[in-house]
């Protein structure tokens, strides 16, 4: 079953003004797993619920394949959804939960039985069919919810914060299961989460949203390396990119950028083209540095010396905080692998991988 | 859920359907009748009478409905509005004037045999007449007097009046109460049936006003109570009653057993208590007239009467039923059951209780010789009664008599004005 | 399409109930408003006339009616808190693992299932005057003979409290069930946390139980207030508004006017005033509740 | 510690017992009174003898059956109350659901109106309502005793608060699974709302069982009259037969008591879910 999903200039306004969606454009290809990610209230769930038909569109068009579905009822859209808290019908056994959508489709009894058994088999629920939802563990409930979504073989599969009620370990395990299941069934899937790690690991492509607007759609690696704006830069990655205010200057050697009171040369193989950057000379810009784009250096190789304010040891790596204010108001973070002998308050010499610098204009849009 | 909906629909249909009743046989008239569900014995009697009537002839078949006494008037008013009054109905006589004024009743004088009307006690005719027409007749009348125990009265050397004209004066009565109180545990020697419901107070204590020369309303034109109900005579009379109440002479009688348990010596009560009292004290029980407040002893009268609805299609048949109920044997059957005064001279003559020399003959004397006063024959009576009842309650609770009666008189006058003096609208 | 379908579904769902309320409550009430400006009498052959505000003017000049307003107010002020406190006490006693709880709960609830008409009759006997009256002899017993027998229902100072007592007895069980349910929904961890923080029994009650029970209490008191404003049957049967209007209430006056005196218009005017008062009280209570929440 | 706990438990039991005696004694008075010969009911009412039946005597109960068609009245009461409660659960739950969950024009305004109506007791509108049903020609039917009480603002309010507390995802899941609004309501919402249905049923039963004024106004004969009117038959001309009244009262209350005991657990759960929303 082929199904692509298209949002064309879709907007949604609520009476109280929250969770609104503005001019949302998104194309999800057949069989693709698209993750919508963003902070809470960014409109990602709204986008999903509009597609499901649980909310009505204020403006714009929603298409499945080439058909406009704005006016179709949820059941006509043939879409399945897994809810954050699973929404298992508490008064029905697992079997009846799985069979419910099929009974609504008025399928013959043998067909209902066959498909229920198939889904149960697929999700390893066969032994639990007679249990009631409240007798199941969190992971089992999650699987029943998935099963209820797939039995009807929908055109599109929607998941809304599906893993957020599970503990960390289970979350990773089920994340892998979901990805495997999606690949195996090859159903077009939209997955909503606020957790960028989940987004990066699951999505074929990831759509980052903020304040009702789409920020960037891209494959995970692209999002990480070439964020379209400061929001995406800061949101993707754990921790996100360090973004701080800066200026550009023309030097004899080429362009130079201010960093913590020092002027650094912009390397020739920088991600941004020099021709572009030249237009921003003597203007305020923002620069972005991934935490791994700085490293501890010997005093001789060092380009800057910064004061250490805090250390977080995570075992396999350490996060060092320096007194360089970011636009978010917090301090700059540097990720290091080894365990240096440093004390809070020390002046630490650092070296910057200049070619990994990102540049953004005053509005926050990336300059490439 | 579906079953539920279906059963609901079914029920609504069933409920709408139940107005259809089995068709009577050809030539038989179905007569709907309402009666009050009084005491058990009364009710059993009327049931027997109806059964006998239905069996002894085929032309008329009575279908009887009993209605609780306390809500009777509300019932009648509701049915009247709905146009659902029965052919023949019983009602408490003070409401007769209101029903007649509202145009619900048919005059009876042309429907009942003349000889029968002749045989009725004058009090029955008097109370059943409004604006010159007879609208209701009872098969019995009521009697009100003081029950006493001869032995107790003799103990305090009291004079025992046998006829209303010998009644104790109010001073004599109060002295008697004091003397009796000396002999009593708690000083409460009089039972005024304070536990009784609404209508009792107008029935039993308006004679006090009349005996003093006052009344509930000016009976010359029934247009005002002011100056009569709150006039000097009425006020003085009720001050006596208030005196008895506030000095602890009166038993509250919550258990309705003040007299039978011997707690009190005197009980201000109706004919209906005779049987119970007689059972308790046998021949020691005597009946004396109510005290004289200055203008001679007065007492209450009136009870349930039968009337015919103006909308009845078969008034003549309804009248036949009334005539049947007024046969001496039927009257006696009923008065045997409820102890009331038979409504006809013929029946009285056959009654061991009421015939001359009988223990309750005093009731007949009071009714026949004009000592009994019917309640005011005006459509305003329900309001008069409600207002006086309120005044009595206030007086019992210590409000100055003048103030209580002023208030009642004002309420009555206001009501009469609101109804433009109750002009005759429904021509007979 | 989904939107349009929902509009009609919502209306369709609500329609039967709305139609019922419209026909059987709203329309009669609007009729009442209309009638209150006339002098209509039940069953009168005289055509009703428009009399303007006469009925209202008369009502406010009528001692019985003004006393009824006062009595309703007194009744509510006393009964709502006392009954709620009693119910809370009962609920707290029952909110413990004890044997026979279900039995006690049923016993306390039992008065609720008795129709008021019946309850009132039984209490007339309890309040019987004279030394033989049940309450009188009970009080005589526990005061070691110092109690002077009273006629509760005819004493201007005791009649209203007597009716209050009956009402509290009858209604407390219902409130108790609701409060008990509220108590049982308070998470045990809160108490454990408070215990660890060193809170004693009273402090736990004051800082955990009461705030957690707040919404339940508001609900219970709101419902009780509305019910107390409807006070009628006890008065009708036990005192008929006496002594000297000491126990009359708005509803009693309304029913008296409409049914005993057949003054339908007066009854309608009382109804209108009643509605306005209760509406005011409800709005006030809601506002207070909302302010406290902030 | 152990001794102290035993002491508090003992005190608690003592308090409960004392209160239980106070709560139950008026009822006991009635039950015992119903078992006494008429003559002793009132005479002994003032003393502790009121609680001692002496020899058991069922004559009062026989009297009740002799004086009124108790079976007929009981059937009428059960039928009327049952219908009001059942139809009320259907109608009011649908309305509560529409107000809590469905989007439709006029919803907010109408809900405020429903809340305003909450406070109007029947007595207040009885007379105009009476004129109205008379116009419909409904006198002396079951219908006239049922129809006006089916739609009930308070029940709507209880359903409304309960439905507000149900997780919205259940309905959304059902809609995605292809269930329409009505089917979602019937197969998903109703089965998960037993507590509120029990609460509304019990409250409805309690309120309806004692109605007096209305059936008095709109019914004539015994055919369709409920129990509370039958008791009026006993409040007749004195002397009142107190034993009969008590016996009648006991028989009248028994059905409600059974309903409560049977639904008790659901009732309490329903009250939690509806009541705490305030």
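As written, the chain order gives the labels A, B, C and D, with residue 1 at the start of each chain.
In this text, a residue touches a chain if its C-beta (ideal position, glycine included) is under 8 Å from a C-beta of that chain, and two chains touch if they have at least 3 such contacts.
Values in this document were obtained by computation on a predicted structure and should not be read as measured data.
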item	value
Distance-maximising chain from subunit C - centres being C-alpha averages	A
By count of C-beta pairs in contact, the leading pair of chains	C-D
Intercentroid distance (Cα basis), subunit D paired with subunit C, Å	16
Subunit B-subunit C separation of Cα centroids, rounded to whole Å	37
Interchain centroid distance [CA atoms averaged], subunit A/subunit C, Å	57
Touching two or more other chains - residue numbers and ranges from subunit C	3, 5, 42, 125, 128, 130, 133
Multi-partner residues of subunit D (at least 2 other chains)	42, 45, 90, 131
Multi-chain contact residues (two or more partners), subunit A	53, 73-74
Contact footprint of subunit D on subunit A as seen in their complex	49, 52-54, 73-75, 79-81, 83-87, 89-91, 100-101, 104-105, 148, 152
For the subunit D and subunit C complex, residues of the former touching the latter	9, 12-13, 15-16, 19-20, 22-24, 26-27, 29-30, 42, 45-47, 50, 90-92, 94-95, 97-99, 102-107, 110, 113-114, 116-121, 123-129, 131-132, 147-153, 156, 181-182, 185, 206, 209-210, 212-213, 228, 231, 242, 245, 249, 252-253, 256-257, 260-261, 264, 267-269, 271-272, 275-278
Complex interface listing, subunit C residues touching subunit B	39, 41-46, 58, 63, 124-125, 128-130, 133, 151, 154, 156, 240, 242-244, 246, 256, 259-263
Subunit C to subunit D touching residues, read off their complex	3, 5-11, 13-14, 16-21, 23-29, 31-32, 35, 42, 90, 93-94, 96, 98, 102, 104-119, 121-123, 125-126, 128, 130-134, 136-137, 169, 173, 177-178, 180-182, 184-185, 214-216, 218-220, 222, 226, 229-230, 232-233, 251, 254-255, 258, 264, 267-268, 271, 274-275, 278-279, 282, 289
Interface residues, subunit D side, partner subunit A - complex	167, 169-170, 172-179, 183, 188, 191-192
